[in-house]
Amino acid sequence: MGSPHRTYEIRCPVHGFISLNDWEWSVISQPAFQRLRRIRQLAWTDYVYPGAMHTRFEHSLGVMQVATSLYDAICEKSAEILKTDLAYNKDGLGRDRQVVRFAALLHDVGHAPFSHASEELFPRRSGGKRYKHEDYSVAVIRSELRSAIEDHELNANYGLHAEDIATLVEGSARAKQLIFWRDLISGQLDADKMDYLLRDSYHAGVEYGKFDLRRILTTIRAISSRGGHPPRLGVSKGGWHAAEGLVLARYFMFTQVYFHKTRVAYDIHLRQALKELLPGKHFPEPTGTGLKSYLKWDDWKVVGLLANNKGGTHGDRLRTRDHYRQIYSTPEVPNKKDVELLQKVKSKLGNLVVAEAAAAKSWYETGLPDIPVVDDHNPEDVRPLSKHSNVVRGLKANNQVFLYVEPLKFDLAETKVREVTSNAGHK
Amino acid sequence: MGSPHRTYEIRCPVHGFISLNDWEWSVISQPAFQRLRRIRQLAWTDYVYPGAMHTRFEHSLGVMQVATSLYDAICEKSAEILKTDLAYNKDGLGRDRQVVRFAALLHDVGHAPFSHASEELFPRRSGGKRYKHEDYSVAVIRSELRSAIEDHELNANYGLHAEDIATLVEGSARAKQLIFWRDLISGQLDADKMDYLLRDSYHAGVEYGKFDLRRILTTIRAISSRGGHPPRLGVSKGGWHAAEGLVLARYFMFTQVYFHKTRVAYDIHLRQALKELLPGKHFPEPTGTGLKSYLKWDDWKVVGLLANNKGGTHGDRLRTRDHYRQIYSTPEVPNKKDVELLQKVKSKLGNLVVAEAAAAKSWYETGLPDIPVVDDHNPEDVRPLSKHSNVVRGLKANNQVFLYVEPLKFDLAETKVREVTSNAGHK
Amino acid sequence: MGSPHRTYEIRCPVHGFISLNDWEWSVISQPAFQRLRRIRQLAWTDYVYPGAMHTRFEHSLGVMQVATSLYDAICEKSAEILKTDLAYNKDGLGRDRQVVRFAALLHDVGHAPFSHASEELFPRRSGGKRYKHEDYSVAVIRSELRSAIEDHELNANYGLHAEDIATLVEGSARAKQLIFWRDLISGQLDADKMDYLLRDSYHAGVEYGKFDLRRILTTIRAISSRGGHPPRLGVSKGGWHAAEGLVLARYFMFTQVYFHKTRVAYDIHLRQALKELLPGKHFPEPTGTGLKSYLKWDDWKVVGLLANNKGGTHGDRLRTRDHYRQIYSTPEVPNKKDVELLQKVKSKLGNLVVAEAAAAKSWYETGLPDIPVVDDHNPEDVRPLSKHSNVVRGLKANNQVFLYVEPLKFDLAETKVREVTSNAGHK
Amino acid sequence: MGSPHRTYEIRCPVHGFISLNDWEWSVISQPAFQRLRRIRQLAWTDYVYPGAMHTRFEHSLGVMQVATSLYDAICEKSAEILKTDLAYNKDGLGRDRQVVRFAALLHDVGHAPFSHASEELFPRRSGGKRYKHEDYSVAVIRSELRSAIEDHELNANYGLHAEDIATLVEGSARAKQLIFWRDLISGQLDADKMDYLLRDSYHAGVEYGKFDLRRILTTIRAISSRGGHPPRLGVSKGGWHAAEGLVLARYFMFTQVYFHKTRVAYDIHLRQALKELLPGKHFPEPTGTGLKSYLKWDDWKVVGLLANNKGGTHGDRLRTRDHYRQIYSTPEVPNKKDVELLQKVKSKLGNLVVAEAAAAKSWYETGLPDIPVVDDHNPEDVRPLSKHSNVVRGLKANNQVFLYVEPLKFDLAETKVREVTSNAGHK
């Protein structure tokens, strides 16, 4: 019922129509991908922002779209570097465009129910290191989706292997060419971030994650290899404020949405409820039958169990929206005095504190590579964004700590906190 | 933990912040209302428009917001008529504003899982008439929510009864004053429609449902009683094109979203799957223990059962996105020849047709009262919108009929349909 | 200072960045094009909608952008027809894309000050037919812009002549291929209309002109020649509601913005004031020195003269916002009784009527070709949009007539009108 | 023709309808206010961002709207403080709401042609201090608009004097109550800034100036007097990130729009051209006949003179878009080495430098009072925003310096600059 050249258009509230070829359509039609329709992007965020009901399915299509726009922009603006530094010709660029689209589309295909919120329940490898959702994604690409990727008629034009896509998602690609594009999948300028900032803002109904994608598309560049650096992604000097805006959009979304005190509480309850539900208190491993049984876990299954009162007391809290109350939080960038005060509060509260959370995951971690900025008129002049931007330089890793108590104990706990903080001069 | 004068703000992507007083907050905190978070506004529409994941919870808040804006606009623009024709004074207007807010907030509180899609599974009364979702809404208001409505401290200012709200939702209010506002809850200019057109468009990512709400707010009017008509809602002459735009927005949303061929297929599968799941193949009655057990039914429960393969073949189709394919549809306004052709197609297809659907529910039914348009400079001049608008006059009731076949039988069926239609000159 | 391959990006609030090549940049840098920065798109509409200050310059860039998107969409969706019916190959499509971009960019380059409002002041040809702004556009293309078009280095790839562009704008192109694209410049599906509806809505701050451009881009088609028809533009059946939306957007913009009663009054005053200012009471002819002197006329020159009190009484009215008041208007589609009543009103008012205006220019003229709708699955099935759409069929030519009086005479005139209309049963 | 209670609605693309009472309508109908229709908000910014054609008229209405929203929000959220610290009762709040609306509406009524761009041409007082546009605004309020303000029927309810409004605009109000609201007119949280950031972004088509106005409206507070501070405006702790967003929006607009290198060049040309046009090379004083003749200067008059070639070589540059080219700029926050390098570049270029500009006017000047942040649960805890925000603390005054050369000398100058900068290690 149709030609391999047929195209499909899916309506996207953020990017307009997203166009897929028949090959991509057959991949997203696989049950392992359709499962993303049953995994909400921001878990229980709708308890705070009621509009935020969107799914990983919608996001994954969006990431493919943004990655393609970035890819095309780089091909247009940095054709010479792609040719010289990476030996690309037209056919190679056509082929890798398809690989990048698949990698962008599938990078989240291994997500656990409720996305990031349940990642602490991934099992550990024999070595002790915990699996990450990307490990599940590449496992799915290599098994469940292999045939849909490799056996489509259109693949006669390329001879792709599922492995090509998996290695790009992993970042372990050996090929010099492909690894260059890894930054589009995961990095300071990746399509994932660009899509989720815009999409999460859109459905939640906030302006915080909006940034100037159009300007980034006109100023993104390949930066040629030099000084030991392989070729990499960056922006031209004319785009550094747009890149700064991207960094700030992420900062604002973390503080206003992702680390919202009530949202964080629901993540806690979800993890605890899942422990009740999961045999062995963790998800199965991303291998063999483990993976098959992992893929049965999605939001539907979990909420069905919760509706059936199988989630323990935390499941009840989720169902009845009876969340722990945040009783205390440090500043986002606590100084030594703040940390001492936190300790005093904690010892005052004692076992009134039923949960503690930390914004360990910073929006601009010190250790991460900065965004390189290149002068179009002088390609030797490459400097990190933080050299240009006082604002980015001013950003610090978010080390905020949150303390929670039971709702019924809130008033009591509040009195105790006041005793500590009034002595300290301020809360 | 708080004063009765505390206010709450909830972020809404369509209307900005929605503000609730402590009384309203305590009502929406009831389990019977929180259940709306687990009922999606447009059922499985996300299978066609992936962004359309929004819930009745979000919509209900929006309806309250729009109803309030309309209420305030009418109070400002038609103060004299409210005073003269309806005997209102300032206190009465303040009190009924609160009643209207509650009625708008709660008019959907009795919705079944997946909203309208499952309404055919409501049981019948002893007289044979099928219950409607409004019957469940008023039952919930009168029982589950009675105490939250009546016992809040702020009610000392008004002495409201749950019954006041229920009768307004039912439209059976005896009080002359209150019934005037019924049109804001259900009518050609109701807040329900205004909210869902904007909200469904927003999350689906289409422009079709957008209309000029701002202009409607400046031109909505109370029209004084005359010629047997009690006072009623209308628009001033300067707003008739805005009212026309509202009518057209509804027309476009029906044809582009609500009656989308694939969407309609999922409604069919949902109903069939629910029949498998529901004891007795229908929902419990909205009375006593029936209501309690009805309220346990929400999207969570259903998808949990589907995830567990309890939904029969239709449940499987929903889970695996393997929907019936539309093989034929009449024009939206079929003429005699179209109806004959449909009969021919049906008899040709025979039992290949596994489902038939009809857009019986028109977006502007002939029987419904038209929107009255009044000349501000000459209040005697009141004419229905269709007298002004050729476009509205051109609209006909949508009597489109859709035929569905199994996916695997599509090619075969298509050949048969072509035989009929090619004889008929065109499809 | 730069390579011929350099590109330029201009920020557009409606379409994002608009990208120009060096050739196009050199054309828009010509004084004859820069003049469009000094011609406002909607004349004095800002007196009613203060945001509507935008210029023909911004619009012209937008038309080029939309025309390109439509061109590319057709090339993708209807490649076969372009090849078969129009003998196109890849090079020809590349070349004509550039021609279409230039034609779209330049179709308005001959506009008079304040755009359409002053077109009645164009002189008449010897034969008596009045010149149109397109006549000035092609004259400018053939003279002032010829060198910029023909002499750029990039033209070595195509060998274009200014004449090619002028004939496409005129619609007199002899080449079978190019004339096909004329509909993108002027027709029911032209880029001009699509841009102005969106742009005028945007700056004025209304929703009325918004339509689903994205859907039109996915459903626009070339329809192959048959039954005497040469190949032409249309939409696929899946897009007929989007085309309907485009038609309605135009309808709404005409009734709500373009024919706004006060806006129409300012058009009257402008024309009268220009008669004072123009030697011989009309613009120079679009030939030789006439054209040179015509191009000196722009909004700046006119407002400078008005600021200097050179515009007579109508110029004073413009400057002081002291416009004629509309005292009477017929319905948009007057019937026989309405016309009779208008006559009665006019004779009652006598010479109190200082101006009369008529919405002669309909938004969907009967004489114009309808938008063809083609069934993708059955390309023989081509029917006009009005066969599908009751709404479009319901639209009638707008024959509204407006009468104006002096502000100081308004009360007196109103009394007289009431006498007539109250006898007639209603106003 | 109408009652004093009539209201008027004007469409605003940023805030929707703006509603005016008959009194306000009569004030904006005065020629001195209508003149703002002929003064563009951002001067020649359309040469860089073609959509930015909007006027001070549109902006002034918007400022009134935002000021009113802020006023109402404060009255609701901080009723107690207004009552206790400022002795307000209901009538006083009603009266001062009207005063604040007028002050917001009129604060820009004295602007020179092309707004800020020409402010350096204001004359100096006898003492040597240059007049500012606010001096002209209050002069207009006290003379041209006095009668419209004082003599309207509605003023019988208040007994306002033009002087009340003028002193609020000046900030010299003696009354304790009124001065509190001055921050809404001019301050870190003023309505002026909030409107221009949103409006300039809108018409230019950028996202940079967007911030969370809705959140600011729910978190703005009156902070009660303490420690010598009179009562003042601030935000509650829950709004500090929204306030941070406002500060950053301003930062981005300055760097991306207001200090755009080409835009700055046109400001230079405008000032020089105006010197040619203005008798004595400066505007008349804001007193007596000086003010009358000042008000004749608007954009119309200037562009009319430029169209007539009266603006000298700089006028020609404006007309023909032949601007000076930026040859060099320091970083936004130059360090000592940057300043030394600038000196070297300048002495190398010698008199090739035809103009120098400096972003002296910082977007967050050190000297200005910071935005106070108050803890709603502990009103004693008031800290400046920069204590909370690392980002705001990271912002430095913009001391960027720009050097310009003639277009024809650009290549030569560029070679010279390269010589200096290559020695210095980087540009």
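As written, the chain order gives the labels A, B, C and D, with residue 1 at the start of each chain.
The definition used in the following text is that a contact is a pair of C-beta atoms (placed from the backbone, for glycine too) under 8 Å apart; a residue touches a chain by one contact, two chains touch by 3 or more.
As the structure is a computational prediction, the values presented were derived from the model and not from experiment.
Annotation of subunit A and subunit B: jointly contacted by C, D, touch as defined at the top.
C-beta contact counts were set side by side for B-D and B-C; B-C has more. Copies subunit A and subunit D of the same chain sequence form an interface built mainly from equivalent positions, shared numbers / all numbers used being over half.
A separation of 46 Å divides the Cα centre of subunit B from that of subunit D.
With centres taken as mean Cα positions, subunit C sits 39 Å from subunit B.
Under the contact definition stated at the top, the residues of subunit B that touch 2 or more other chains are 16, 206. Residue ranges of subunit A in contact with subunit C, taken from their complex: 9, 16-17, 19, 214-215, 217-218. The residues of subunit D lying in touch with subunit A in their complex are 206-208, 210-212, 241, 245, 248, 251-252, 255-256, 331-333, 375, 377-378, 381, 388, 390-391, 393-396, 426-427.
Residues 1, 10-14, 16, 29, 31, 34, 37-38, 40, 46-47, 49-51, 53-55, 57-58, 61, 202-206, 296, 298, 300-301, 303-308, 320-321, 410-411 of subunit A are the ones touching subunit B in the complex.
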